[in-house]
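Chains: A, B, C and D, in written order; residue numbering restarts at 1 for each.
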Amino acid sequence: MKLLKNLLKSPMFVAGITLFLGTIILALIGPLTYPITLERVGSQYSTPFGRFFLGTDHLGRDYISLLLRGLRASLYVGFLAGTIATTIGTLLGIYGGFKGGIIDDMINMITNLFIVIPSFVVLILISGSFEDGRSLTLIGLIIGLTTWPWTARAVRAQSAAIKSKDHISLARINGDGTLLVLLKHILPYLASYVFMVFILQVASGILSEAAISMIGLGPLDSISLGTILNQAKNNGALGDGVWWAFIPSTIMITVIVFALYLINTSAEGVFNPRLRK
Amino acid sequence: MTLFEVEQLSLHYLTRFGEKIHAVTDVSFTMKKGEILGIAGESGCGKSTLVNGLMGLFIPPLYPTDGIVKVAGESLMNRTPEDIRKNVLSRKVSMIPQGAFNALNPTRKIKDIAADVIAAHMKDIDRKAIHTRLRERFDLFGMNTEKVLNSYPIQLTAGERQRSVIGISTLLNPRMVIADEPTSALDVSTQKIVIKMIFNLLEKEIFSTMIFITHELPLLRHVADTIAIMYAGEFVELGTAEQIIFDPRHPYTKALMGAMLSAEAGQKQKKPTAIEGAPPNLAKPITGCRFAERCPVAKPQCHHTKQNMRIIADRQVRCEYAQ
Amino acid sequence: MLKQYPSLRYILQRGVWYLLTFAVAVIINFFLPRLGSHNPVDIIMGKFSAGMSSEAARAKEEAYLKEFGLVKVRNGEILRDAAGKPLKTSNTEQFVNYIKMCFKGDLGTSFQKYPKKVLQVIIEAIPWTIALQLPTILLGWITGNVLGALAAYRRGAFDRVLFPAALFISALPSFVFGMLLLYYFSVVMNWFPAMGGYADAIVPSLSFEFIQSAAYHYLLPFLSIFCILAGGQAIGMRSMGIYELGTDYIKYAKWLGLKESRIIGWLFRNAMLPQLTGLALSLGTMIGGALITEMIFSYPGLGMAILTTIQNNDYPMIQGCTLLITTSVLLANFTVDILIGFLDPRVKAGLRIGKGN
Amino acid sequence: MLNKNSIFAANNCTREFGTGKKIVRAVDNTTFSIESGEIVSIVGGSGCGKSVLAKMMLGLYKPTDGTLLYNNAPVTNTKIHWREVQAVFQDPFSCFNQFFTIRSQLKDAFGILQEKPSHKEIEKRIDNALLAVNIKPHEISGKYPFELSGGQMQRMLLARIFILRPKVLIADEPTSMVDACVRANILDYLMKLKEELKMTIVFVTHDIGLAYYVSDRLFIMHNGRIVEQGTPDEVTLSPRSEHTVRLLEDIPEIHRAWIC
């Protein structure tokens, strides 16, 4: 509670959370209040502020509908990837750091391996081979499964540091088992850190999806902010000066990611006393 | 000759939420050449804050509330940080921090850190002169000079690190040295070596006076000429080492001395003094005596009348009822 | 034997570890594209066989199968069963062949630019990518770190402006930033060319004209990568710097009355060490990193090449490129590991006592 | 040397950390015994291995060589062992989980008991234990560790011992983080535990004066070895080991010349 109060005192946090909640509300409520249609409704590239507030795309589809869908898809991918990466990274990190020994060495080795093999490469290779079923969920899954190592490494270091604290010894002579020690006596100490990592992972998930869509390996089953950009690029919107084809979605991506960065940074200032000044 | 003078110095912190914390209140003392003043008190009593104030180093959120600090007649108050840096630090007043390991830049060799200090305060001195000077100085410390100077902090033992820090702090022959628990992280044997080195430097007049801060009273008995006992930001008793250790007058000093245990015949029958409770919260204004809550001999009026320093039996005591 | 040479032992240890990682990377590189339900040739044939005579299609398919090592080959001829159908290779055989070819430096033949070798395509594209990326990354890294260190040390107004700006800039994906730059400066204002690495009319040579044209085409892609990289680095450096500022050795330096410039120097050096890892990562992903930026600006580098290969399912090319990217990332990481080992006495001392790292 | 009735008996007990060339021998070939009902102090400087030895007696570390017996059976890391052997540690703040209230954490201590008492009984025993360390139950109700003072927190650790009533208490530097005036209180409670519950206490400290005051026997530890053991008077007044002699010489005492 006190934490939340301190967070709300930070203007950066308030700005970040407002922007972020705004995009979430837009993604959730938007489709309920706006008649979404993905059919051709107008002529190719009709200009904004006319019949269609944000104009239409090269197929004559309404951009507001596309953007609302795309926003939803991008947030979904971000949260899916962020959740997977944070969960795997946190679990492996906490366990490895606490257990030590051979198990820790093995986890460490796998982590280091995944860190140096660029996840973007894995994304390209996998996305390429799943030609038919390249769904939004699959892409989120792949992003999550390739970005956990940084989390694991950082969490491991912290878990290993907490392990030698006295309250762990006390918990053990209270007879608490490993699982209870991990969940009750280590995880809460890492919670703020894990939260910040999660925020960053969500942001990087959204960025990764946009990037992968941009090179033409995006989801085949849905429209995301990345695929909108990709189609704008492929259909010469840039050269033709059709700004409404890419500016609204670039703004959306940037605003979400910026909001998440703001939340992360301001939270770090509150959680980490060293940065308080 | 008075070398160092502190008059009614009070210092406060401003917290992020605008609260004032009066970490140091009404501290006065004077020191002569060759003298060592020991300051003793529990952790959190304001010792470390006092150190910054005594150097004239007021870096936010620390601010002077009141009072004067003078080194050899020259005031350190109301001066710009750059003026203090250039003319006071290292040259007039120097500091020996606790925990030498963290105080030394881990990625610099001892000789480079030391050279930086000389270069910061002396113009037109070439590298060669700096290094000759360093070698001459470090030869006094009873270590392998070449090895220590050419090592990174991590390559040295705890004792070598602490001696290097003392060496670096006293390179420019400061008048006053303030040592904040310089030996608390060392084992007892190394502590003895380091204290001997400090005495040696004082004898050679590399520095002229010293404030030695620690919570270890037996050590102070052997190191300090005069001792000040600090409680909740105030000096509660100030006298010679003999007076404070063997004949304490303030109830808090009495309690501290009574709680001391030593491995000597007959000590087993002694009953150490016990006082419960903790020092008051300095963020709130305190009207009465700060020790009143825990004082075994407190009178009702102690809780709301401020106690001032007065002279009893040749030393200063902040208690109207002490005898 | 190596006891007297802790540094050499350290290098060897790290080297062996990176070799192992490389082996794993090669395996991943081989198996991942084969994860899907179809083999790559099926996918390609599905796309391109339309309109071909069945004879031509079969010949083409067999050529692809051969190139991709999916059928058994002896003396350049496809081995066939009694019915004349090509004999399929097992995964293990394919893998062995793949490794053999890798060792020979043969990354296969491009499907799309058949019969051009993959290696050749890469060699043609790579100078452009390096020319675009290397200076950009180095400059961006240095600028970002200097700004970050200053922001950490000065705080105040400088930090209040720089920090949110850097945060905002690093929230922009570099390709989005590239698109905006391109749209405004070339399409709207028409100040800069929108496409390519040089004007179409000029033949690449060392002439003044060519260099001028290349520089002209260079500026926008450069800016789009530079700003974002510098922003990200500034944020990282700032928080490292603030962390270092709170350490006892900086407090001690202030107590000793060291000059501000010297303290910033200390701060910069110590906060920079972890930042080196970031540099390694950027340099390592350099080859694949600006893929999309190159695509936006139609820059003739490797990114563009990778993009077209992906769009055309040119598997030998994809594998060749990913292998190249992985190798460069590993090499960059290895270099930084070694570098940090020598620059940071904490790690160095650890080697000597046999502790740490 | 080994007594059949000893509560703890160590025979060439050794503990190493790390592997290969990085091996550090924290406890080196120690042989000793501790009898039921006595207070034994293990005294030594930082890094001498005294805390590792204490954690071994608690079953938190296993010996890598030699044996460490509790009541003639090897020390285990099970609830059965912890029902009889309990500990208080140095830093009371880091001993409690800051995310839960003190009271709920005192309640957690009941986890090791074979039969958990009724809810009412638990509350009653906690209240009694709090009163035993001179704290009124309402003073800490609903409070989290960071809301109490160091002295109060150290007493919470002792209250936990009053709740569990173990046979042996391992006290690892229990007074080094508290204010000198509060220290005597902590010592009083330790004495009370010994008197009332006939507890055996192993007191780990770097402060030889304190050890001299509280213990029946002293072990002096240096570099992982026990270099001397005996009654406080034997060890401090007529030390035989050179390490003890040096240790005593180097400790500043108010009544003895220290630096000549």
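Basically, a residue touches a chain if its C-beta (ideal position, glycine included) is under 8 Å from a C-beta of that chain, and two chains touch if they have at least 3 such contacts.
All values derive from a computational prediction rather than experimental measurement.
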Per-chain Cα centre nearest the global Cα centre, belonging to chain: A
Chains linked by the largest number of contacting C-beta pairs: A-C
Chain whose Cα centroid lies at the greatest distance from that of chain B: C
Interchain centroid distance [CA atoms averaged], chain A/chain B, Å: 51
Centroid distance [mean C-alpha coordinates] between chain D and chain A, Å: 48
Interchain centroid distance [CA atoms averaged], chain B/chain D, Å: 33
CA centroid of chain A to CA centroid of chain C, Å: 22
Interface hub residues of chain C, defined as touching at least two other chains: none
Sites on chain B at which at least two other chains make contact: none
Residues within chain A bordering two or more other chains: 277
Chain C - residues contacting chain B, complex: 247-249, 251-259, 262, 266, 269-270, 273, 343-346, 348-349, 352
List of chain C residues in touch with chain A within their complex: 17-18, 21, 24-25, 28-29, 32-38, 40, 43, 155, 164, 167-168, 170-173, 175-176, 179-180, 182-183, 187-188, 194, 235, 239, 242-243, 246, 284-285, 288, 291-292, 295-296, 306-307, 310-311, 313, 315, 318-319, 322, 325-326, 329-330, 333
Chain C partner contacts - residues on chain B that touch it in the complex: 55, 57, 59, 84-86, 88-91, 94-95, 97, 99, 102-108, 116-117, 119-121, 152, 154-155, 165, 168-169
Interface residues, chain A side, partner chain C - complex: 12, 112-113, 116-118, 120-122, 124-126, 128-132, 203, 207, 210-211, 214-217, 229, 233, 238-239, 241, 243, 246-247, 250, 253-254, 257-258, 260-262, 265, 268, 274-275, 277
Residue ranges of chain D in contact with chain B within the complex: 45-47, 134, 149-152, 179-185, 187-188, 207-213, 232-233, 236-237, 246-248, 250-256, 258-259
